[in-house]
Amino acid sequence: MFDKRILQKRILVFLVLFIYAIFFPSDVFAEDGLNAGDTAWVLVSAALVLFMMIPGLAMFYGGLVRVKNVLSLFMQCFAITAIVSVVWTLFGYSVAFSTEGMQAGAKGLHSFVGGFSKVFLWSVSPEHLNGSIPEVVFFIFQMAFAVITPGLIVGAFAERFKFAAVCIFSGLWVVLAYLPICHMVWGGPGAFFADMGVIDFAGGIVVHVTAGSSALIAAILAGRRRGYPITAMPPHNLTMTLTGTGMLWVGWFGFNGGSALAANGTAGMAVVVTQISPCVAALTWMAIEWYRNGKPSALGFATGAIAGLAAITPASGTVGPLGAVAIGLASGLFCYWLTTSVKHRFGYDDALDVVGVHGGGGVVGTLLLSVFASTALGGSKADLNMVSQFLVQTFAAVSCAVYCMVVTFVLLKAIDAVIGLRVNEEAETVGLDISEHEEAGYVL
Amino acid sequence: MKKVEAIIKPYKLDDVKQALTAIGCSGMTISEVKGFGRQKGHKEIYRGAEYMVEFQPKTKLEIVVGDDKVEQVVRSIQTSAATGKIGDGKIFILPVEEAIRIRTNESGEEVLQ
Amino acid sequence: MFDKRILQKRILVFLVLFIYAIFFPSDVFAEDGLNAGDTAWVLVSAALVLFMMIPGLAMFYGGLVRVKNVLSLFMQCFAITAIVSVVWTLFGYSVAFSTEGMQAGAKGLHSFVGGFSKVFLWSVSPEHLNGSIPEVVFFIFQMAFAVITPGLIVGAFAERFKFAAVCIFSGLWVVLAYLPICHMVWGGPGAFFADMGVIDFAGGIVVHVTAGSSALIAAILAGRRRGYPITAMPPHNLTMTLTGTGMLWVGWFGFNGGSALAANGTAGMAVVVTQISPCVAALTWMAIEWYRNGKPSALGFATGAIAGLAAITPASGTVGPLGAVAIGLASGLFCYWLTTSVKHRFGYDDALDVVGVHGGGGVVGTLLLSVFASTALGGSKADLNMVSQFLVQTFAAVSCAVYCMVVTFVLLKAIDAVIGLRVNEEAETVGLDISEHEEAGYVL
Amino acid sequence: MFDKRILQKRILVFLVLFIYAIFFPSDVFAEDGLNAGDTAWVLVSAALVLFMMIPGLAMFYGGLVRVKNVLSLFMQCFAITAIVSVVWTLFGYSVAFSTEGMQAGAKGLHSFVGGFSKVFLWSVSPEHLNGSIPEVVFFIFQMAFAVITPGLIVGAFAERFKFAAVCIFSGLWVVLAYLPICHMVWGGPGAFFADMGVIDFAGGIVVHVTAGSSALIAAILAGRRRGYPITAMPPHNLTMTLTGTGMLWVGWFGFNGGSALAANGTAGMAVVVTQISPCVAALTWMAIEWYRNGKPSALGFATGAIAGLAAITPASGTVGPLGAVAIGLASGLFCYWLTTSVKHRFGYDDALDVVGVHGGGGVVGTLLLSVFASTALGGSKADLNMVSQFLVQTFAAVSCAVYCMVVTFVLLKAIDAVIGLRVNEEAETVGLDISEHEEAGYVL
Amino acid sequence: MKKVEAIIKPYKLDDVKQALTAIGCSGMTISEVKGFGRQKGHKEIYRGAEYMVEFQPKTKLEIVVGDDKVEQVVRSIQTSAATGKIGDGKIFILPVEEAIRIRTNESGEEVLQ
Amino acid sequence: MKKVEAIIKPYKLDDVKQALTAIGCSGMTISEVKGFGRQKGHKEIYRGAEYMVEFQPKTKLEIVVGDDKVEQVVRSIQTSAATGKIGDGKIFILPVEEAIRIRTNESGEEVLQ
């Protein structure tokens, strides 16, 4: 069957390779080298998360406001993307992820914030690896998270804030609130919450609890929109909101799946639960509405789905299908209650329900994973102590929420004092599109 | 000349238009309006916030006709637009003093043909 | 050139690796192990197929209906996504893909439906592989197919069905029609059609023939929309439909390319033909319209493209560019004839042309591949017997169509008897958005 | 720790593999073989670039025109996609990328155009590799570039051209302008500009300079839209334009990142700079508008972002963050000046600013990379001679621009003589949607 | 009978509607219009091209009422729609000769209730 | 006072508005309407289903003016809106009994300036 020359050639090739392997073993065995498959997946995930922001979140939010404010929401999402990306490049990434001076178990400044060793990607060449992927790929993936978090908050003060105030607030909020919390949770050994054993796979605390808690303060300080809650302020374009929901949903596969930083079974299971949870949450919301209002609404379905997605975020990567069902159910119930009941009772005007949906969802997932991450319940943690994990998770969520509230309060008070937070009555009546940007969304 | 203004249910427009062309009334102007009247609106709920939509979508027809044709036009609309349910709408008759065709600068009833 | 210590170190490393390789050869040689590149591609493909459903199909369909029904289409697509995902997780995947009790060539119950060994992903850990990818990744990829198939059908009874009826029908249809057909075609050795040698790379039969044939019965049982065909019912937003077309088109790269379950030349060629076929089909449609109506329409172009995409679906993975051109041309001609002539002649109100476009396209591709899969015509099947393959393909397509028609007929009759299929006249006149969901698509 | 039988089994497995490796070393060591990770990334990138065209560019452009012309823009983008894909398959790919008869340094016919060896993918089986990816994957990725380039040009003559003229022009322009320039720049050793050392990573010259220069001639020959510049022609749907901007932005990750043809650090850094540049450019544009008009507009932001994306295109893959900041800044300033000042001064009606944004951006990036590609400035070229590189880049950009202008001039004059370029006055007044396609964008 | 046509600021519609229902005026038809008058428009700038939007969005109310109620209706609109700023709008009173309810074919003032 | 109602082609609006402001007529209200008349519509075809669009998009102008200015206004619209092609539209003149400015509660012809 074998031609002799071919055999000889093959043996030769093998010997050459063998000797080559002696001198450059990492090229051949690549045990810690670049994995192109993992890199491809995280690159795509970065694109998906950016897609969640522009145009996903812009559409989701833009469709919910009145027609005179739609461009203001788009503009805010786009501007935040640009501002935070620049901050992230300049020093944000370094402050969040530099590991200099850190040591597992040791407390110190760098347990709370990273250093400046990676400022402006100084010292990070394209060849540097983070695990099996280039560090620049990790950089861009994490950038997308830093971008979307303040983006979520704008829903709370939609339809009334000055654009300048939004820009300044978002930039500073990322620096003062997001970067340290990101570092404390995801900074690796030596980081405050990481050392404590906090589990937050893709950002239940880092993204959703921070955004939700800040949104609460922002909604309160912003004050109500003129006419709220007497005047009806129905969404001007629910098809846009639903389109945005679809984009967020699909993008979330990258958000959670990409957080495995590899294309493997963990990523796969993360994606699976990222599908199950929003489905269960949305069906839960739909069932409640059907029962209470006689008719299920598309907006209710979409809201439930986003709640389920927010809730599964910290838990994806550790829980299995059972956990996803439980978290989906719990977030559907809890977030429904928050948005339709609690908000109205307390009377703050969280215009697009950031608190109820993202804050509520983030909390549900962060806490419930302490139970469902256990292998006994289909999760991946073999020796999980549910009680202590629950306490750790609660502590982390609460302390991050409180910290974010304080930062948000101080920032907004300061901005209000200097340039003012809200547009004047006339501008609000005319709408932010004309008054802040001199443009109209539609000229049909 | 008179202007006949009819507020009708939008989905009846095709029927009304046919009835009118059948009696030789070949010009009209329509617009989308919203009506408020006896017909109850519907409730919309957005994330727990109820919101009463009291204004119903209606279509408004405006037809300027010679005095002699008014009755015929009104009857024809009345018949073709009626469903017998609340909200079928109203017909109003207003006086018109003059009509001019822009293209030719003609004026008077001949303009209406 | 070589520092001596480096050489020594390398030899040491090599020896360690060598010994490591003796004890854990699969880690090093990974001949049957996880391939991160394949995993990345199939994960992305799963996201792309979900993207086809939400928001792709929702927009494609939503733009085609009148403005008063746009949300109902979105809501149906979203609700079906959730319902089918839950069914798939609970037992659908197992019934479709469990291979227990199957044996190539042996007929038995499991030639028609799978068993319950994988119910609720019981027994499927993130580490389990399916070929070179984690089984959970295969699970989510196939879930997206199960979601979109009933989604296609809703186009047939758009603008008149009760939302509750749509939900119940879709859930049961997946269980009774989709799961067994999926199993028979794609269930692997021992499955009924698989053993027969049926070729259906990405779902010409499983997705498009099933959807198209069910849609025909649904359209007939649904009855015509009030006013059809006298009253004009023009699409309310063709920009939405065209945007959806673009999303479906791009998503189809994952639909067909992902069906290779690997990132390789087969996937690449599948994507290539997935581009060629819709281009040819769309240009064919455009040419006919230009010739017959004097002007080519954007909607015609889009319809042609979707027909070409549906048609290439079963054939991608086996045919080459020549087959793609032929299938594109044939589907353009055939589906044009179905939607503009046959439908009107028979008078059924297939509102969004599911029969003409998906059914027609699926049939064209399923049959023509028996010729163009041959290596002689640029395909990949070296010893293809065109005649016998054609017979096998025809048998499979026809029997699946008949089976789906029966299931659909029985299901719809049963639902009609219990809760009724159609909304009442007033609700239909007002529109489903208000009457079924108490919402309006646009408040401009 | 080790069961003896397992040890024995492993040694056996190892020996089998060892012997296998002697006979099929490329299977095991795969040093030049298919890389599934790279393949996955380039496949996804192809999908992303197609997504930029349909629906990305269609939405970006469609939203900018008046409501009566929106479908015409969509239709043109879709039809160009189909026409160019067919041309590319038939012979375009071969003429652009066939390397037959080429030799580094040798001038000849094939320095300017490729041969016909790969016509209709003749001779290219799914197994053929291009580097580490299947050649068919390279084929489809490059097809998407050929599709989008003429797509960009339609913005120049929007709202007034006959659809037939657009189809004919685009098809011929790709053949006569795009294919040779693509070959000369990207054709590999022996290609005219490649041999000269021109750097154009992802198409600053091949895509943006060619489109921009052709657009200038097209805008001039097209003549002004009726009423321009007296009548206001505001965008009819800025939410559509912004959504398209988001899609273009995200798709550009594939455009530039995919051009690495691998999922590695180069791709990662290309994506990073593809994020930084548009952010800086958009913020620059926003700052200028804020300063000059008192208010920043969403359209201005989006325009700046696209300018920054066009500008980074040739430079991604060689420059680092510093270069990205510089190129973003320069393109923001330069393109602002071109679109708001130069265009009005010269009075040509480049309806959607193809010249100012794509032409201008492409030039900025093509020239500035000669400086910022240097490792001294954070780039990846160690021994870059900035001056000579600058001259080479300038020469290539200018000569390509001139060539494209000539081709465009001749083509449009010829088409005008035969079928006429513009629709008549009535058709233009009524709008192209009705007059050319008998359809309306919205029936709300 | 008279037709009262009022051009008002859109965001005042709710107030006006409430004022009108308060005085027992239970039927009206509204439409979106654009107004040109003393109120200055605003400038929009698209990529350097300035564009003056002189037409303001306004809401037009049409209410047909019996002669005796005209004054009350006008007063009620006037009060509820006024903000004191330029652009508050106008009220016009036109004669109406007849009104017919489509549903019942009644005519005369009773139709207006 | 009279109300001049003109139905014109939408793309003529700018010209008409300029002509009107030129003669010192500084207030008007416009709305989008659809017209049916001699001007033929166009056919749209959606997947083989033909559909006659008989209603043309038109713009309706409403201008209330003092009796003495009516003729001037009509002439000015007539001239600026005419293209000489079918579908140029019509002008109707209706009597108006009263006009009130909401902001100031003034009434009478002075309101129209």
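All chains are identified by letter, namely A, B, C, D, E and F, in their written order; residue positions are counted from 1 within each chain.
We adopt the following convention: a contact is a pair of C-beta atoms (placed from the backbone, for glycine too) under 8 Å apart; a residue touches a chain by one contact, two chains touch by 3 or more.
Keep in mind it's a predicted model, so treat the numbers as computed, not measured.
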Neighbouring chains shared between chain C and chain F, ordered by label: B, D
Shortest chain-hopping distance from chain A out to chain E: 1
Chain centre separation (chain C, chain E; CA means) in Å: 53
Euclidean distance of C-alpha centroids - chain C vs chain D, Å: 31
Rounded Å distance, chain B centre to chain C centre (Cα mean): 48
Chain C: positions in contact with at least two other chains: 35-38, 40-41, 44, 234-235, 237, 263, 293, 297, 299, 438-440, 442, 444
Chain B residues counted as touching two or more neighbouring chains: 31, 44-46, 94-95
Every chain pair meeting the contact rule: A-B, A-C, A-D, A-E, B-C, B-E, B-F, C-D, C-F, D-E, D-F, E-F
Chain A - residues contacting chain C, complex: 21-25, 29, 31, 35-38, 40-41, 44, 48, 66-67, 132, 234-239, 242-243, 245-247, 249-250, 253-254, 257, 262-269, 271-272, 275-276, 278-280, 282-283, 286, 293, 295-299, 301-302, 305, 320-322, 325, 378, 380, 442, 444
Complex interface listing, chain F residues touching chain C: 44-49, 51-53
Contact set on chain C toward chain A in their complex: 2, 7, 10-11, 13-14, 17, 28, 34-41, 43-44, 46-47, 50-51, 53-56, 58-59, 62, 70-71, 74-75, 78-79, 81-83, 85-86, 89, 120-121, 125-128, 133-134, 136-137, 139-140, 143, 163, 237, 240, 263, 436-444
Complex contact set, residues of chain D against chain E: 229, 232-235, 289, 293, 297, 299-300, 303, 339-341, 343-344, 353
Chain E - residues contacting chain F, complex: 2, 6-8, 31-38, 54-55, 58, 60, 74, 77-78, 81-95
